[in-house]
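Look at the two complexes coming up: chain A is in both, with chain B in one and chain C in the other.
Take a look at the complex of A and B:
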């Protein structure tokens, strides 16, 4: 069992969302802790709306594509760039088996094809992982989600969010995209049932403003699957 | 394009949701898992508050500032601080972000090199660093995962050697230790070194680790050594001291008192053992620790002897 708990005060965000689909949900890290606060007042709503709009517009100006699941996309630091280039080269020389990365010129977002391992519930099925790297990767974890349709698995939500500790609290720079992929495949392979997490509907409903799974406070209490 | 479609769909849902759910629904959700959430929230806000108040590394303060913290507090602690004042002149605080042991060690070590210009020590530690590098390689860590962190530490080490174009002053060392893009990388370097040292001598560390966390040595390293923000205890300190061959003194300031009535302050010296001869404390000449850390439950700061 997994659960994603603790969500952003959704009123303000879904309202913003209504006005403007490209809301950046992660512009201020402290935004993730909150929520016993009362409803936002009208002025604060307006100012955050304006802030969000101007942020989004400036992102357009830079021609950076954002999506509903991308967090605030600052350019990669020099160290992050170097590290990712090395990971890319390593991947090309020695790709983890069962994965296929279609290399593009976008170093900051990798889309990786996952092929279910033979002899498992997911044999011959193909899924897509989207990996977004933060400015200070590898000090900070990448954001990893399944693109639609996400595999049916007790730790994978229908919106693609994955309940796996190494993607959040237990991330360390000793890990790589490749080692993440291997962990995810192993998670798929050890599954004995094809089903969604018990709290799927509630969690997904609360994520629909496009928040990143990195803003969820995850509870990890199952090491069997 | 897909994203756009998704967004539009979600937008519609968002609208209907606005209509469908009264406020109380949201409150209900927010109260889900209330107790644990409160604890997590509290912990997060402590971390956030701490970050604003304390830089990664504070200024050197007279030891009297420590006593001032406990003015209305425990008499035992105040007595102990008096004892400390006999031997120690100053304290330098570190941020309580779970990295305080490593950050305190980092600054204390580099400051010692900057002030002593001990070239023999620099040559010695560079050899230990290379041993740690080989240890990581033999444990199967790809070079690309740790080489940037190693390079940054070696660069810091070169910078504190004076008389070169790249030399930095004490003031600059303080600034760099407060700069996240340097400081966190050096902390991570020490985490790699510590993890390798523990795994290299896993049979030695195993009983201690079982006592702490009931996991395998490898799992302990993955979950309690390598991630940033994971706190350190004697296992980490022993491993780092051994791997780099640097003795560390830890002075314990807590409420414990001895039966005889007199107040004394305990300390423990972590003396490195030669990696090839576990437990052979006499194999290397005994050196007095030049790094002294003050431990208060859950936190390490730097102490300066008189």
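Take a look at the complex of A and C:
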């Protein structure tokens, strides 16, 4: 399993207790599902991985039918508005360390500065995350991408798309912007090599029409990073 | 078929006709249909509540009240009747009575079947009314506290003036004590105003998904508590799992969390500002 798990415990145990950031990568459709057996010391991870997989399969049909609401930019629902206002207040009172939210009057799009954690490959480097909220947030995950230039990472594509299951099929409304940020930072921190995903060029080319990462069929694979 | 059964059948058909008119926004025609149904079978509460809803759509609050009262006489557990009666009472400035009806509707509504679930709607109206009530009463309370504080301060100042004119030589000590007393007095009055000062609602009274104070808390087998409407939406749209633990979860496993419900009520009774809805 990904070595990120060890690092997460240092960053924030409470937030991530139930949300291990399985890193995933996109695959061509029509391949059969396969994944290597995870670390046997983490049986709960295994079962939740299996569960997420079955969930992701059931969501495929809907995904193909409808385009992502994050890209169509409908107005936020009342629940979404309420919740985002509260998340914003909470962020201002208690911001996750290593992040700065650039406050704007746009509740539906947050731009967040990420500072690479000390002692990691990304120490002292600064990147920007763009978070777009769909109309029915938090029942649907926000769209999260890195703005150009995106960090060099085996699960981050050069167009800023991030390969992290909680942003797609493993989303749960109990997650918050803050917990997403911490997952992304732990994904960065656990990287041992600065390189693009193997299929970067092909994937980025496929996304040229500006499609949202939420329309990608993301795929779990066993992850060493 | 006896005459009663025939009348019941005819009344039921009139109700269906009324519902059809209602859906087309033809409230006058709907009212006529329900009125005929009531004439045939005056003891069926739904004819009264349906007609009340038509009157509500036409802003005819006096008739809303009449029909709701009749329906409640027939069945005192009708969520909609208490809800609409509450709205009608608020319309004619009967705040306390209106709030009582909405509260009753909310209590009954929490146990209602999912099809007729209207807790969120009732909550919005109740919260608006309760917030207004709090604004009125807290303004009065803070005014009273302010004038009492001023009276206490001037009493202290007067005594200090008397003391310092009597005992020369200890003036510095007396001034220090006097300032400390004034400060302590300020603290006491701030403390007294605390309940009426808007602050954070404790996290344990808020749903982890809405981040808002609970309206109808339900607990899952994992021990996590969520807002009923929101967890039901999650189970329908996201997946059949507990948002926190990811354990499989079915709607039938949700149980009302009465302890949290009471804790919320106790908090709201003391801190009316927490009723604020945007």
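Note that in this section the second predicted complex is superposed on the first by the 153 of 225 C-alpha atoms of A that agree within 3 Å, B and C clash if a C-alpha of one lies under 4 Å from a C-alpha of the other, contacts with A are read in each partner's own complex, and residues count from 1 in each chain.
Operating definition for what follows: contacts are C-beta pairs under 8 Å (C-beta built on N, C-alpha and C of every residue); 3 or more make two chains touch, one makes a residue touch a chain.
Fair warning: this is a prediction, and the values are worked out from it, not measured in the lab.
Novice: Using the touch definition from the top, say if A:217 reaches chain B (first), chain C (second), both or neither.
Specialist: In the superposition, A:217 contacts chain B only.
Novice: Using the touch criterion from the header, give the chain among chain B and chain C with more contacted residues in chain A.
Specialist: Looking at chain A, the partner in contact with more of its residues is B.
Novice: Check the residue A:173 against both partner chains and state whether it touches chain B (first), chain C (second), both, or neither.
Specialist: Both partners, chain B and chain C.
Novice: Looking at the overlay, what does A:83 touch: chain B (first), chain C (second), both, or neither?
Specialist: A:83: touches chain B and chain C.
Novice: Between chain B (first) and chain C (second), which does A:139 come into contact with in this model arrangement: first, second, both, or neither?
Specialist: A:139 contacts both chain B and chain C.
Novice: So, does A:208 touch the first partner chain B, the second partner chain C, both, or neither?
Specialist: first
Novice: Per the definitions at the top, what is the overlap between the chain A residues touching chain B and those touching chain C?
Specialist: Dual-contact residues (chain A): 18, 79, 82-83, 86-87, 90, 136, 138-139, 171-174.
Novice: What part of chain C is in contact with chain A in the complex they form?
Specialist: Within the complex, chain C contacts chain A at residues 208-212, 230, 233-234, 237-239, 241, 243-246, 248, 278.
Novice: Under the stated contact criterion, what part of chain B meets chain A in this complex?
Specialist: Touching chain A: residues 2-4, 6-8, 10-11, 13-15, 17-18, 23, 26, 29-30, 32-33, 36-37, 40-41, 44-45, 48, 141-142, 144-146, 148-149, 181, 184-185, 188, 191-192, 195, 222-223, 226-228 of chain B.
Novice: Given the complex with chain B, which residues does chain A contribute to the contact?
Specialist: 3, 5-7, 9-11, 14-15, 17-18, 21-22, 30, 32-33, 35-36, 39, 67-68, 77, 79, 82-83, 86-87, 90, 136, 138-139, 148, 165, 169-176, 202, 205-206, 208-210, 217, 219
Novice: Quick check: in the complex, which residue numbers of chain A touch chain C?
Specialist: Counting only chain A, the residues touching chain C are 18, 48, 51-52, 55, 58, 79, 81-83, 85-87, 90, 136, 138-140, 171-174.
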